[in-house]
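For reference, the structure discussed in these notes is given below.
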Amino acid sequence: MILLQVIVGGLLLGAIYALFSSGLTLIWGMMNFINFAHGEFVMLGMYAAFVMVLWFHAGPLAFIPVAALALVAVGLLVYFGVIRSVMRGPMLAQILSTFGLALLLRYLAFWIFSANFVSLPPTALRGTLRIGGILIDVPQLVGGTTAAALTIAMHLFLTRTRAGSQLLAVAEDRAAAMLMGIRPDRMQALAWAIAAGSAGIAGALIAITYPFSPSIGEVFGLTAFVVVTFGGFGSVPGALIAGLLIGLIQALSAFYLGPIYKDIAVYALFIAVLWVRPQGLMGKA
Amino acid sequence: MRGNRLARLLLLAGALMAAPLAQAADAVKIGILWPLTGNAAAAGQAAKAAAEVAQDIVNNAHPELKGIPLADTAGLPNMGGAKLELVFVDHQGNPSLAQQLALRLITQDKVHVLFGAYQSSCSFTSTAVAERYGIPFVIGDSAASNLTGRGFKWLFRVTPIATDFAEAYMRFFDDMKKQGKSIRSIAIVNENTDYGTSVGDAIEAAAKKNNMPVAIRIPYSASSSDVSAQVLQLRDKQPDVVIFISYTSDSILYMRTMRNLDYVPPMVLGDDSGFSDPSFIPAVGDIAQGVMNRSSWDIGKPGSTTYKINEMYKAKTGRDLDDTSARNLQGMLALADALNRAGSTEPEKIQKALRETDLKPEQIMMGYRGVKYDETGQNVLASTYLIQLKGKQYEPVWPEKAATTPIQWPMQTAKH
Amino acid sequence: MRNASRAAFGWLALAAGAIVYPLVLPGAFYIDVGTTLLLAAATAAAWNIIGGYAGQVSVGHAMFFGAGAYLPLLVYKLWQWPPIAGLPFGIVVSLVLAVLVGMPTFRLQGHYFSMATIAVAELIRLVVATAEPLGAAIGLQGPAVGRGVWDLTFRSGLPYYYLFLALLAMVLATSWWLQRSRLGFYLRSLRASERAARSLGVPVRRCKLLALMLSAAFTSAAGSLYAVKTGFVDPESGLGILVSVQMIIVAALGGAGTLFGPVLGALILIPLQTLTNTYFGGEGSGLTYILYGGAILLIARFEPGGLLDLVYRARGLFAKPAPSSEQSRHAA
Amino acid sequence: MLLEASAVTKQFGGFRAVSDASISIDEGEIVGLIGPNGAGKSTMFNCLSGDLPPTSGRIVYDGRDVTRASPEAHARLGIGRTFQVPVTFEDMTILENVMVGAFLRHAGRNAAHAAAMDILEMTGLAPIRDRPARSLGTPGRKRLEIARVLATRPRLLLLDEALAGLNANEIASAIQLVRAIHARGITLIVVEHVMEVIMSLAQRVLVFNQGRVIASGAARDVVQDAEVIRAYLGQTQWIAAAPAAAVP
């Protein structure tokens, strides 16, 4: 029973990992671009939710979409302001730009909101469910399932809709896509909007349960890297599976080996996977 | 040619850096090293506000603060009313930067005393600089036991250290057992950076010495976003007291997760830090009723000196003074007392005055038995209260003479 | 050969400037800032060997820096040796690490190497943070008060300054030699295209491994000097990801894959850091990092090839690139 | 026999790019490799140069089994190659590009420099040797690739469409260059679309179709071969004229 409890907790957290990592994997796979500021997008999503609650006493149904929209705007701003010109440069300039961006965003939040930890007051989502002997926190349950559903929705959007397949076409072969009349610029902007928006939603979902401060993005950023490489660059289903798997590994190793070993377990496994299957779980060879 | 231009640029940069370091006459300069950005920024910022309150108390006449030395006069009387001037620097939690800034404070800003540095890592490196230059360094907060005991002559620490806390806990458990409470075993849950590790180690050692079984010790990383596995382990081991040595987000997370997993041990004892963070009570006050915490600080009743100090702090920050910042405030006040007695800004005189410090309980704002340094520079009269969360605030419950309300044990009777 | 002599003159002027700097600005603080700058330049130049010339972007160089920083304090803790005696051990450990990391990951290309290095460095940091003999989270200390000259605990920062200057000179001399040597040519060719390089007989994996080992050894030596000077190391300051990132930023800002780039990057970044921290750090408003991050972002946005490019463009040095043929974004 | 490939097969998943192909090359020959797009010529090249190990079959060079040897080992043994789409080292100068090749036989910088200058003279690149490679257009890049691989002192040179995309003048000078290379005693295998070039250069021609060698022999004879014509059916227009169609 305890084992089941541990597994459920790990999977629910893993689903949220999957959601914010899927945005990163999209950009990575599509543009071969590492965004070091992705964790900061998640952090901004948390503060967007915080502001909504503080000023408008908004509930989750209001602050989650607002966080998504706010981050879509941030994503577009970042794409058109910085990324579009940097992506043609060397890889190092890309790393440099998003790292500078990460510092800038983190400390803008610091400047505005101070370094203090904040947490959202209890929302309509509260309480604990007892299902067959295990206890599940309602916000966590809603957060995890929403995140999983949105990740799957993103996958469906990419594979089943016109805009999505155009986006993938650009990822596959930019030149060929241009010949087909697709404008890569718009598709890449769309990818950034989706990536930042999903990070924003993930942030808002996490904010319901967890206290946060401006420096929290670092943790999520690193987690997202591992999830993305694990799942395979550019693969949203890969990110989903890897996210769930990492949530699970963390929970199990924290329980059986002790919490300080949970990240060790994740990195060790990650390195092992790179060794055996460098393209990741679902990546193309 | 390229080199020439760069050299010139460098010189220019140097000149610019030198600009703000102009001297103000007659003031006693205290260089304060804190993490004002980075992961520990919240603590550094709070401590900065506390230091400014201490500066206000010393520099301006505050006759309403009874008992506090130097409160009723403006400035340091023995030095012709000289004011305290604080020079804050941000070491960002980086030990190498702390070293560099200590150098800057000593050689550029010409401060007379150093104060800091929160993270033990930064205290290690910056105190070594002060030692080399023969400038007194007062540690306001860092609790790692091995900071003192390095043979340093210029190091003074007002705050109690990890071993003090650990012994206080053991005495508390003894008292409780005498009152018939059952404490068969304890659990130690500590975050795994220097703070949690050193306090956790000290408690484990003290428990061993006192034959108190440790059912389980769980070190964890404070950046965890899920702690249910740890809570389940605790539930499994059924300790009578769980001691948490945690930072802010993780202490809140633990309380929430314990609630969600329907687990309430007979007693939760927080080791200050996260449990004292002003965010803690608003976030989980309703579900953490009865949680105990270590603190040397008690706001006290309206009208009391401590209450008034808290009001000063609150006017500045909008928050209550927490224990960590209060210990820094006390450190500053104790330092000011020594500076006044030194009557001079000569390092040797300040050092001598610090050594001769002997503050009585009624002269201090904290729950220490006084301030008096041993040969290693450690305040041997530092001690702590235990407080318990009742309603919207913590109330002192131990030791008995400091208690304002009886202890509630187990913490929550409804469940369990 | 006008350019060559001009470059030589520039280097001489720079070296002279570096040597007399402590005499011009003798304050202990300025010397320490200078030492920090030299350390940043030396680590970035060491990183540049693998990350710049060979184009293999390691985001895990903290593991070498950390090995270099830990070993001196470890030999002091275990056997009370003078910390500097740990320097060669640090290099040995770093070389072993380089081989362990390089052998498998150089099969991988592009971002995989970056990710693998991040992961290994983080893994090492986490393991060290739990390892009691290595001081766990609390870290290791050197002798607080020197027992003899070999403990290198100088009251003045001047000896450290020149030690770091000597290290930087060694790294730069090695880089200069490398640029002109077969290995250097091979690294630059495989950065452009491994496939084409192999078709010309370039043993790509061996070259990358050699470059990584060279880079690791110098990074480790820098870490050792850092630990001797600071007298303290803990997992965050020795092995944290920011240690790796700083090397990349300094090198990339100045111009990766060039001899002078890392030095230029340090000359700009460290004074920028110091100035922002001096002026705005005490307020603790975070303005330090807003300016710092903003500056990095702007440089990456408008000078993606690094600032050295700007210098070259401004001087029109393109007409006849020096033999070193610094990487440049030519508009032709 | 300098090079002998027997029953070489290269399989990509379910697709056989090269199927049971056998070829043998004598020292001093110029052999043309022709065939329609996707016939497996480039894949065969990649097998011969070590870029792709064949799925099955055996390749012997100068009495040595090199089937699974690495590309760099091939280069050391004296098998050089160019790429269909030229891959130059963009950030390096033309001279430095060629020096990378020269370093294979000369460890020292000065020797490599001298050897590279030699090649640059021969290929006519000497006057622009200090320009960065990225400043070159496609014909220049192709020439640079040839220069670079010549600097490795190959005995056998595999040229993959070295002439595609050149105009008439450039083709003429490229043909001259190939002859000069041959005159140095280097054996050549040339993949080429431009039939005239093959006709004027190659002593012997191998025709690839669908991964197989469907014909071989003297150039004139092979062009008459019925199977060859069938293979090229619908593509006759470019057999005849072979304009610069492949130029982007």
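We just call them A, B, C and D in the order they show up, numbering each chain from 1.
Methods note: a contact is a pair of C-beta atoms (placed from the backbone, for glycine too) under 8 Å apart; a residue touches a chain by one contact, two chains touch by 3 or more.
None of these values were measured; they are calculated from a predicted model.
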Apart from chain C, which chains still form joined groups through touching: A, B | D
From chain B, the most remote chain by mean C-alpha position: D
Whole-Å gap between the CA centroids of chain A and chain D: 48
Centre-to-centre distance between chain D and chain B (centres being mean Cα positions), rounded to whole Å: 74
Between chain D and chain C, distance of the C-alpha-averaged centres to the nearest whole Å: 42
For chain A paired with chain B, centre-to-centre distance based on mean C-alpha positions, whole Å: 36
Sequence positions of chain D contacting 2 or more other chains: none
For chain B, residues that touch 2 or more chains besides their own: 37, 41, 44-45, 192, 219
For chain C, residues contacting two or more additional chains: 129-130, 286, 288-289
Pairwise chain contacts under the document criterion: A-B, A-C, B-C, C-D
In the complex, chain C residues that touch chain A: 51, 57, 59, 104-105, 107-108, 110-112, 114-116, 118-120, 122-123, 126-127, 129-130, 241, 245, 248-249, 251-253, 256, 285-290, 292-301, 304-306, 329
Chain C contact footprint on chain D (complex, rising order): 49, 51, 70-72, 74-76, 80-81, 83, 87-93, 96-97, 99-101, 103-104, 107, 109, 112, 130-132, 134-135, 148-149, 151-152
Chain B - residues contacting chain A, complex: 37-39, 41-42, 44-45, 192, 218-221, 223-230, 232-233, 236, 248-249, 252-253, 256-257, 259-262, 277-279, 282-283
Touching residues on chain B, where the partner in the complex is chain C: 1-4, 6-7, 9-11, 13-14, 16-17, 20, 34, 36-37, 41, 44-45, 48, 87-90, 92-97, 99-100, 103-104, 106-108, 120-121, 124-125, 128, 131-133, 144, 146, 150-152, 192-194, 196-198, 219
Touching residues on chain A, where the partner in the complex is chain B: 2, 5-6, 9-10, 13, 107, 110, 114-119, 121, 128, 135-137, 140, 206, 209-213, 215-216, 219, 247, 250-252, 254-255, 258-260, 262-263
